[in-house]
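Naming follows writing order (A, B and C), and every chain is counted from residue 1.
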Amino acid sequence: MLKLLQSLLLIFLTSIVFQANAASEEKPFAEQKVVLQISDADPGKQTLVLNVANNLIKAYGPDMVDVEIVAFGPGLRLLFDDNGNKGRISGLTDNGVRFAACGNTLKNVSKQLGRTPALNSHSTQVPAGVVRIVELVNQGYILVKP
Amino acid sequence: MLKLLQSLLLIFLTSIVFQANAASEEKPFAEQKVVLQISDADPGKQTLVLNVANNLIKAYGPDMVDVEIVAFGPGLRLLFDDNGNKGRISGLTDNGVRFAACGNTLKNVSKQLGRTPALNSHSTQVPAGVVRIVELVNQGYILVKP
Amino acid sequence: MLKLLQSLLLIFLTSIVFQANAASEEKPFAEQKVVLQISDADPGKQTLVLNVANNLIKAYGPDMVDVEIVAFGPGLRLLFDDNGNKGRISGLTDNGVRFAACGNTLKNVSKQLGRTPALNSHSTQVPAGVVRIVELVNQGYILVKP
(Lines give C-alpha, C1' and ligand atoms only; values in the text may rest on other atoms or scores of the structure.)
Protein backbone atom coordinates (compact mmCIF):
# COMPACT_ATOMS: atom_id res chain seq x y z
CA MET A 1 0.00 0.00 0.00
CA LEU A 2 2.87 2.29 0.83
CA LYS A 3 4.45 1.53 -2.51
CA LEU A 4 1.21 2.30 -4.32
CA LEU A 5 1.08 5.67 -2.55
CA GLN A 6 4.69 6.32 -3.46
CA SER A 7 3.96 5.51 -7.10
CA LEU A 8 0.93 7.77 -7.19
CA LEU A 9 2.91 10.56 -5.56
CA LEU A 10 5.67 10.15 -8.16
CA ILE A 11 3.15 10.28 -11.04
CA PHE A 12 1.54 13.34 -9.48
CA LEU A 13 4.84 15.20 -9.01
CA THR A 14 6.01 14.25 -12.52
CA SER A 15 2.83 15.64 -14.02
CA ILE A 16 3.25 18.91 -12.12
CA VAL A 17 6.83 19.31 -13.33
CA PHE A 18 5.76 18.45 -16.87
CA GLN A 19 2.94 20.99 -16.90
CA ALA A 20 5.15 23.70 -15.46
CA ASN A 21 7.65 23.04 -18.21
CA ALA A 22 5.06 22.94 -20.95
CA ALA A 23 3.34 26.18 -20.03
CA SER A 24 4.99 29.35 -21.23
CA GLU A 25 5.87 31.95 -18.65
CA GLU A 26 3.60 34.50 -20.22
CA LYS A 27 0.52 32.27 -20.20
CA PRO A 28 0.83 29.85 -17.29
CA PHE A 29 -2.73 28.55 -17.75
CA ALA A 30 -2.63 28.07 -21.54
CA GLU A 31 -3.95 24.62 -22.40
CA GLN A 32 -3.17 25.01 -26.08
CA LYS A 33 -0.11 26.39 -27.84
CA VAL A 34 -0.11 27.38 -31.50
CA VAL A 35 2.61 28.85 -33.71
CA LEU A 36 1.31 30.59 -36.82
CA GLN A 37 3.65 30.97 -39.78
CA ILE A 38 3.59 33.74 -42.38
CA SER A 39 6.07 33.45 -45.23
CA ASP A 40 3.97 34.53 -48.25
CA ALA A 41 4.19 37.79 -50.17
CA ASP A 42 0.40 38.04 -50.71
CA PRO A 43 -0.99 40.80 -48.43
CA GLY A 44 -4.21 38.77 -48.14
CA LYS A 45 -2.18 36.29 -46.09
CA GLN A 46 -1.37 39.04 -43.59
CA THR A 47 -5.08 39.59 -42.99
CA LEU A 48 -5.65 35.84 -42.82
CA VAL A 49 -2.93 35.08 -40.25
CA LEU A 50 -4.24 37.88 -38.01
CA ASN A 51 -7.82 36.57 -38.43
CA VAL A 52 -6.68 33.09 -37.45
CA ALA A 53 -4.89 34.41 -34.34
CA ASN A 54 -8.06 36.29 -33.45
CA ASN A 55 -10.22 33.18 -33.93
CA LEU A 56 -7.95 31.21 -31.60
CA ILE A 57 -8.20 33.91 -28.91
CA LYS A 58 -12.00 34.01 -29.31
CA ALA A 59 -12.37 30.23 -29.18
CA TYR A 60 -10.10 29.45 -26.22
CA GLY A 61 -10.01 32.78 -24.36
CA PRO A 62 -6.83 34.91 -24.19
CA ASP A 63 -5.46 33.16 -21.08
CA MET A 64 -6.03 29.64 -22.34
CA VAL A 65 -4.19 29.77 -25.66
CA ASP A 66 -0.59 30.75 -26.31
CA VAL A 67 -0.09 32.10 -29.84
CA GLU A 68 3.13 33.18 -31.51
CA ILE A 69 3.26 34.44 -35.09
CA VAL A 70 6.60 33.80 -36.83
CA ALA A 71 7.28 35.85 -39.97
CA PHE A 72 10.03 35.07 -42.47
CA GLY A 73 10.75 35.38 -46.19
CA PRO A 74 8.31 37.72 -47.96
CA GLY A 75 6.00 37.28 -44.94
CA LEU A 76 8.32 39.48 -42.87
CA ARG A 77 6.57 42.51 -44.37
CA LEU A 78 3.76 42.00 -41.84
CA LEU A 79 6.20 43.13 -39.16
CA PHE A 80 7.61 46.17 -40.97
CA ASP A 81 6.84 49.24 -38.90
CA ASP A 82 4.93 50.89 -41.76
CA ASN A 83 2.67 47.87 -42.39
CA GLY A 84 -1.03 48.73 -42.53
CA ASN A 85 -1.94 46.06 -39.96
CA LYS A 86 -0.14 47.87 -37.13
CA GLY A 87 -3.35 48.49 -35.21
CA ARG A 88 -4.43 44.86 -35.35
CA ILE A 89 -0.96 43.68 -34.29
CA SER A 90 -1.14 46.00 -31.30
CA GLY A 91 -4.60 44.66 -30.38
CA LEU A 92 -3.44 41.05 -30.58
CA THR A 93 -0.37 41.89 -28.47
CA ASP A 94 -2.78 43.13 -25.80
CA ASN A 95 -4.22 39.61 -25.81
CA GLY A 96 -0.78 38.06 -25.36
CA VAL A 97 -0.06 37.13 -28.98
CA ARG A 98 3.70 37.34 -29.68
CA PHE A 99 5.37 38.26 -32.98
CA ALA A 100 8.79 36.92 -34.06
CA ALA A 101 10.73 38.45 -36.97
CA CYS A 102 13.34 36.39 -38.86
CA GLY A 103 16.79 37.98 -38.57
CA ASN A 104 18.14 36.16 -41.65
CA THR A 105 15.35 37.60 -43.78
CA LEU A 106 15.94 41.07 -42.34
CA LYS A 107 19.62 40.84 -43.32
CA ASN A 108 18.73 39.81 -46.90
CA VAL A 109 16.08 42.52 -47.24
CA SER A 110 18.46 45.15 -45.86
CA LYS A 111 21.08 44.23 -48.46
CA GLN A 112 18.51 44.52 -51.26
CA LEU A 113 17.10 47.83 -50.02
CA GLY A 114 20.42 49.36 -49.01
CA ARG A 115 18.92 50.16 -45.61
CA THR A 116 17.44 48.21 -42.70
CA PRO A 117 13.66 48.59 -42.55
CA ALA A 118 12.27 49.42 -39.10
CA LEU A 119 10.38 46.58 -37.44
CA ASN A 120 7.13 46.83 -35.49
CA SER A 121 7.96 47.56 -31.85
CA HIS A 122 5.72 44.66 -30.78
CA SER A 123 7.93 42.16 -32.62
CA THR A 124 11.00 40.34 -31.34
CA GLN A 125 13.85 39.56 -33.68
CA VAL A 126 14.98 35.91 -33.76
CA PRO A 127 18.11 34.62 -35.57
CA ALA A 128 16.09 32.45 -38.01
CA GLY A 129 12.32 32.07 -38.38
CA VAL A 130 12.45 28.36 -39.20
CA VAL A 131 14.67 27.62 -36.19
CA ARG A 132 12.20 29.47 -33.94
CA ILE A 133 9.37 27.37 -35.40
CA VAL A 134 11.30 24.14 -34.77
CA GLU A 135 11.98 25.26 -31.18
CA LEU A 136 8.31 25.98 -30.55
CA VAL A 137 7.12 22.70 -32.09
CA ASN A 138 9.60 20.90 -29.85
CA GLN A 139 7.94 22.69 -26.92
CA GLY A 140 4.51 21.33 -27.91
CA TYR A 141 3.22 24.12 -30.13
CA ILE A 142 1.08 23.10 -33.11
CA LEU A 143 2.31 24.73 -36.34
CA VAL A 144 -0.35 26.17 -38.65
CA LYS A 145 0.38 28.19 -41.79
CA PRO A 146 -2.82 30.04 -42.77
CA MET B 1 1.37 -9.72 -6.80
CA LEU B 2 -2.27 -8.73 -6.67
CA LYS B 3 -1.22 -5.11 -6.86
CA LEU B 4 0.91 -5.79 -9.91
CA LEU B 5 -2.05 -7.44 -11.61
CA GLN B 6 -4.25 -4.49 -10.69
CA SER B 7 -1.71 -2.09 -12.17
CA LEU B 8 -1.39 -4.10 -15.39
CA LEU B 9 -5.18 -4.28 -15.69
CA LEU B 10 -5.41 -0.52 -15.27
CA ILE B 11 -2.75 0.08 -17.94
CA PHE B 12 -4.53 -2.35 -20.25
CA LEU B 13 -7.96 -0.74 -19.78
CA THR B 14 -6.49 2.74 -20.17
CA SER B 15 -4.87 1.78 -23.46
CA ILE B 16 -8.19 0.36 -24.76
CA VAL B 17 -10.04 3.55 -23.87
CA PHE B 18 -7.28 5.63 -25.46
CA GLN B 19 -7.35 3.68 -28.70
CA ALA B 20 -11.13 3.80 -28.90
CA ASN B 21 -10.93 7.55 -28.45
CA ALA B 22 -8.16 7.99 -30.97
CA ALA B 23 -9.83 6.04 -33.76
CA SER B 24 -12.57 7.90 -35.53
CA GLU B 25 -15.98 6.26 -35.54
CA GLU B 26 -16.13 6.31 -39.32
CA LYS B 27 -12.84 4.49 -39.86
CA PRO B 28 -12.19 2.14 -36.94
CA PHE B 29 -9.28 0.44 -38.74
CA ALA B 30 -7.48 3.56 -39.97
CA GLU B 31 -3.79 3.32 -39.15
CA GLN B 32 -3.06 6.81 -40.38
CA LYS B 33 -4.94 10.06 -39.86
CA VAL B 34 -4.33 13.15 -41.96
CA VAL B 35 -5.95 16.58 -41.93
CA LEU B 36 -5.53 18.54 -45.15
CA GLN B 37 -5.82 22.32 -45.02
CA ILE B 38 -7.01 24.60 -47.79
CA SER B 39 -6.88 28.32 -47.12
CA ASP B 40 -5.60 29.73 -50.44
CA ALA B 41 -7.55 31.64 -53.06
CA ASP B 42 -5.75 29.99 -56.01
CA PRO B 43 -8.15 27.50 -57.70
CA GLY B 44 -5.10 25.34 -58.54
CA LYS B 45 -4.87 24.62 -54.81
CA GLN B 46 -8.40 23.17 -54.88
CA THR B 47 -7.30 20.64 -57.50
CA LEU B 48 -4.11 19.94 -55.55
CA VAL B 49 -5.78 19.28 -52.17
CA LEU B 50 -8.24 16.87 -53.83
CA ASN B 51 -5.34 15.14 -55.66
CA VAL B 52 -3.49 14.75 -52.36
CA ALA B 53 -6.56 13.26 -50.66
CA ASN B 54 -6.88 10.86 -53.59
CA ASN B 55 -3.21 9.87 -53.38
CA LEU B 56 -3.61 9.09 -49.66
CA ILE B 57 -6.66 6.89 -50.35
CA LYS B 58 -4.79 5.11 -53.17
CA ALA B 59 -1.65 4.55 -51.07
CA TYR B 60 -3.25 3.33 -47.84
CA GLY B 61 -6.62 2.04 -49.04
CA PRO B 62 -9.90 3.80 -48.08
CA ASP B 63 -10.35 1.89 -44.81
CA MET B 64 -6.80 2.42 -43.57
CA VAL B 65 -6.50 6.19 -43.79
CA ASP B 66 -8.75 8.79 -42.19
CA VAL B 67 -8.71 12.08 -44.14
CA GLU B 68 -10.47 15.32 -43.28
CA ILE B 69 -10.16 18.44 -45.43
CA VAL B 70 -10.59 21.70 -43.50
CA ALA B 71 -11.35 24.81 -45.57
CA PHE B 72 -11.09 28.36 -44.26
CA GLY B 73 -10.28 31.85 -45.50
CA PRO B 74 -10.29 32.10 -49.31
CA GLY B 75 -9.99 28.29 -49.36
CA LEU B 76 -13.63 28.00 -48.25
CA ARG B 77 -14.64 28.45 -51.91
CA LEU B 78 -13.85 24.77 -52.47
CA LEU B 79 -16.94 23.97 -50.38
CA PHE B 80 -19.34 26.46 -52.00
CA ASP B 81 -22.18 24.49 -53.53
CA ASP B 82 -21.50 25.90 -57.01
CA ASN B 83 -17.79 24.98 -56.98
CA GLY B 84 -16.66 23.07 -60.07
CA ASN B 85 -15.07 20.28 -58.02
CA LYS B 86 -18.44 19.06 -56.72
CA GLY B 87 -18.14 15.71 -58.51
CA ARG B 88 -14.69 15.00 -57.10
CA ILE B 89 -15.82 15.98 -53.59
CA SER B 90 -18.71 13.55 -53.87
CA GLY B 91 -16.35 10.78 -55.03
CA LEU B 92 -13.95 11.37 -52.15
CA THR B 93 -16.89 11.38 -49.69
CA ASP B 94 -17.74 7.91 -50.98
CA ASN B 95 -14.25 6.90 -49.83
CA GLY B 96 -14.82 8.34 -46.38
CA VAL B 97 -13.06 11.70 -46.80
CA ARG B 98 -14.74 14.39 -44.66
CA PHE B 99 -15.00 18.11 -45.44
CA ALA B 100 -15.17 20.82 -42.76
CA ALA B 101 -16.19 24.40 -43.56
CA CYS B 102 -15.09 27.30 -41.32
CA GLY B 103 -18.10 29.07 -39.81
CA ASN B 104 -16.13 32.26 -39.07
CA THR B 105 -15.13 32.56 -42.72
CA LEU B 106 -18.72 31.92 -43.83
CA LYS B 107 -19.89 34.76 -41.58
CA ASN B 108 -17.30 37.15 -43.04
CA VAL B 109 -18.06 36.14 -46.63
CA SER B 110 -21.82 36.48 -46.03
CA LYS B 111 -21.33 40.04 -44.76
CA GLN B 112 -19.28 40.94 -47.83
CA LEU B 113 -21.71 39.33 -50.29
CA GLY B 114 -24.89 40.45 -48.54
CA ARG B 115 -26.09 36.84 -48.65
CA THR B 116 -24.95 33.48 -47.28
CA PRO B 117 -23.50 31.26 -50.02
CA ALA B 118 -24.83 27.69 -50.04
CA LEU B 119 -22.31 25.07 -48.92
CA ASN B 120 -21.70 21.67 -50.49
CA SER B 121 -24.05 19.17 -48.85
CA HIS B 122 -21.09 16.87 -48.19
CA SER B 123 -19.46 19.47 -45.92
CA THR B 124 -19.96 19.99 -42.20
CA GLN B 125 -19.80 23.50 -40.76
CA VAL B 126 -17.42 23.95 -37.81
CA PRO B 127 -17.20 27.10 -35.64
CA ALA B 128 -13.61 27.88 -36.71
CA GLY B 129 -11.36 26.05 -39.19
CA VAL B 130 -8.18 26.58 -37.20
CA VAL B 131 -9.78 25.28 -34.01
CA ARG B 132 -10.93 22.16 -35.87
CA ILE B 133 -7.36 21.65 -37.12
CA VAL B 134 -5.96 22.01 -33.59
CA GLU B 135 -8.54 19.49 -32.32
CA LEU B 136 -7.60 16.96 -35.00
CA VAL B 137 -3.84 17.37 -34.47
CA ASN B 138 -4.45 16.79 -30.75
CA GLN B 139 -6.18 13.54 -31.77
CA GLY B 140 -3.11 12.37 -33.68
CA TYR B 141 -3.86 13.67 -37.17
CA ILE B 142 -0.89 14.88 -39.24
CA LEU B 143 -1.54 18.34 -40.71
CA VAL B 144 -0.54 18.85 -44.35
CA LYS B 145 -1.29 21.99 -46.37
CA PRO B 146 -0.86 21.12 -50.08
CA MET C 1 12.51 -5.74 -6.22
CA LEU C 2 13.66 -8.08 -8.98
CA LYS C 3 10.53 -7.27 -10.93
CA LEU C 4 11.15 -3.57 -10.56
CA LEU C 5 14.66 -4.04 -11.94
CA GLN C 6 13.31 -6.11 -14.82
CA SER C 7 10.79 -3.36 -15.62
CA LEU C 8 13.43 -0.65 -15.53
CA LEU C 9 15.71 -2.72 -17.77
CA LEU C 10 12.86 -3.20 -20.25
CA ILE C 11 12.13 0.52 -20.33
CA PHE C 12 15.82 1.25 -20.80
CA LEU C 13 16.24 -1.24 -23.67
CA THR C 14 13.05 -0.03 -25.34
CA SER C 15 14.31 3.55 -25.28
CA ILE C 16 17.63 2.51 -26.86
CA VAL C 17 15.86 0.66 -29.68
CA PHE C 18 13.52 3.61 -30.20
CA GLN C 19 16.38 6.09 -30.46
CA ALA C 20 18.31 3.88 -32.86
CA ASN C 21 15.22 3.67 -35.05
CA ALA C 22 14.58 7.37 -34.90
CA ALA C 23 18.02 8.42 -36.11
CA SER C 24 18.45 8.33 -39.87
CA GLU C 25 21.28 6.27 -41.27
CA GLU C 26 22.73 9.20 -43.19
CA LYS C 27 22.97 11.49 -40.17
CA PRO C 28 23.42 9.33 -37.08
CA PHE C 29 24.12 12.36 -34.86
CA ALA C 30 21.27 14.58 -36.07
CA GLU C 31 19.39 15.94 -33.07
CA GLN C 32 16.74 17.57 -35.20
CA LYS C 33 14.87 16.29 -38.24
CA VAL C 34 12.93 18.57 -40.56
CA VAL C 35 10.96 17.83 -43.73
CA LEU C 36 10.44 20.87 -45.96
CA GLN C 37 7.54 20.83 -48.39
CA ILE C 38 7.35 22.61 -51.73
CA SER C 39 4.06 22.34 -53.62
CA ASP C 40 3.60 25.90 -54.95
CA ALA C 41 4.01 27.11 -58.53
CA ASP C 42 5.59 30.45 -57.52
CA PRO C 43 9.34 30.36 -58.35
CA GLY C 44 9.92 32.60 -55.30
CA LYS C 45 8.98 29.59 -53.17
CA GLN C 46 11.84 27.60 -54.74
CA THR C 47 14.31 30.22 -53.53
CA LEU C 48 12.60 30.33 -50.13
CA VAL C 49 12.63 26.59 -49.48
CA LEU C 50 16.35 26.44 -50.37
CA ASN C 51 17.03 29.45 -48.11
CA VAL C 52 15.21 27.74 -45.25
CA ALA C 53 17.20 24.51 -45.74
CA ASN C 54 20.37 26.61 -45.72
CA ASN C 55 19.33 28.42 -42.53
CA LEU C 56 18.74 25.08 -40.80
CA ILE C 57 22.20 23.82 -41.83
CA LYS C 58 23.79 27.08 -40.65
CA ALA C 59 21.94 27.06 -37.30
CA TYR C 60 22.44 23.42 -36.31
CA GLY C 61 25.50 22.45 -38.33
CA PRO C 62 25.32 19.93 -41.21
CA ASP C 63 25.78 16.86 -39.00
CA MET C 64 23.23 17.85 -36.41
CA VAL C 65 20.18 18.43 -38.57
CA ASP C 66 18.58 16.01 -41.02
CA VAL C 67 16.71 17.85 -43.79
CA GLU C 68 14.64 16.37 -46.60
CA ILE C 69 12.83 18.51 -49.17
CA VAL C 70 9.71 16.87 -50.64
CA ALA C 71 8.39 18.36 -53.88
CA PHE C 72 4.96 17.64 -55.32
CA GLY C 73 2.27 19.35 -57.39
CA PRO C 74 3.52 22.50 -59.11
CA GLY C 75 6.42 22.47 -56.63
CA LEU C 76 7.96 19.51 -58.47
CA ARG C 77 9.47 22.02 -60.94
CA LEU C 78 12.24 22.67 -58.41
CA LEU C 79 13.52 19.18 -59.17
CA PHE C 80 13.31 19.33 -62.97
CA ASP C 81 16.81 18.89 -64.36
CA ASP C 82 16.71 22.22 -66.18
CA ASN C 83 15.65 24.21 -63.09
CA GLY C 84 17.80 27.29 -62.44
CA ASN C 85 18.49 26.30 -58.82
CA LYS C 86 20.57 23.27 -59.83
CA GLY C 87 23.77 24.71 -58.34
CA ARG C 88 22.15 25.42 -55.00
CA ILE C 89 20.56 21.95 -54.89
CA SER C 90 23.97 20.42 -55.50
CA GLY C 91 25.49 22.53 -52.71
CA LEU C 92 22.79 21.50 -50.23
CA THR C 93 23.22 17.85 -51.23
CA ASP C 94 26.89 18.20 -50.23
CA ASN C 95 25.60 19.14 -46.78
CA GLY C 96 23.41 16.05 -46.61
CA VAL C 97 20.07 17.60 -47.61
CA ARG C 98 17.94 15.06 -49.50
CA PHE C 99 15.41 15.79 -52.26
CA ALA C 100 12.30 13.65 -52.90
CA ALA C 101 10.26 13.96 -56.11
CA CYS C 102 6.58 12.91 -56.19
CA GLY C 103 6.03 10.09 -58.69
CA ASN C 104 2.28 10.77 -58.97
CA THR C 105 2.96 14.37 -59.97
CA LEU C 106 5.59 13.26 -62.49
CA LYS C 107 3.05 10.92 -64.09
CA ASN C 108 0.46 13.73 -64.37
CA VAL C 109 2.99 16.21 -65.75
CA SER C 110 4.26 13.64 -68.27
CA LYS C 111 0.73 13.09 -69.58
CA GLN C 112 0.20 16.84 -69.98
CA LEU C 113 3.58 17.41 -71.68
CA GLY C 114 3.53 14.25 -73.80
CA ARG C 115 7.01 13.46 -72.46
CA THR C 116 8.61 12.73 -69.09
CA PRO C 117 10.75 15.66 -67.91
CA ALA C 118 14.21 14.71 -66.64
CA LEU C 119 14.66 15.03 -62.90
CA ASN C 120 17.66 16.45 -61.07
CA SER C 121 20.16 13.63 -60.49
CA HIS C 122 20.31 14.59 -56.79
CA SER C 123 16.61 13.79 -56.31
CA THR C 124 15.02 10.46 -55.44
CA GLN C 125 11.62 9.57 -56.86
CA VAL C 126 8.99 8.48 -54.29
CA PRO C 127 5.58 7.01 -55.17
CA ALA C 128 3.65 9.96 -53.61
CA GLY C 129 4.98 13.14 -52.01
CA VAL C 130 2.30 13.31 -49.33
CA VAL C 131 2.88 9.69 -48.32
CA ARG C 132 6.62 10.39 -47.99
CA ILE C 133 5.78 13.39 -45.77
CA VAL C 134 3.50 11.28 -43.57
CA GLU C 135 6.23 8.64 -43.26
CA LEU C 136 8.82 11.22 -42.21
CA VAL C 137 6.50 12.90 -39.68
CA ASN C 138 5.84 9.45 -38.20
CA GLN C 139 9.64 9.12 -37.85
CA GLY C 140 9.82 12.35 -35.83
CA TYR C 141 10.47 14.89 -38.58
CA ILE C 142 8.90 18.33 -38.15
CA LEU C 143 7.02 19.41 -41.29
CA VAL C 144 7.51 23.00 -42.42
CA LYS C 145 6.15 24.45 -45.67
CA PRO C 146 8.04 27.70 -46.37
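The rule is simple: contacts are C-beta pairs under 8 Å (C-beta built on N, C-alpha and C of every residue); 3 or more make two chains touch, one makes a residue touch a chain.
Quantities reported herein were computed from a predicted structural model and do not represent experimental measurements.
Listed here as common contacts of chain A and chain B: C. Although chain B and chain C carry the same sequence, what matters here is overlap: shared residue numbers make up under half of all numbers found at their interface. Chain B and chain C, compared by their mean Cα positions, are separated by 25 Å.
Residue positions 143, 145 of chain B each touch two or more of the other chains. Touching chain A in their complex are the following residues of chain B: 3, 37, 39, 41, 72-74, 104, 108, 127-131, 133-134, 137-138, 143, 145.
If you check the complex, the residues on chain C that touch chain A are 32, 34, 44, 48, 51-52, 55-56, 58-60, 142-146.
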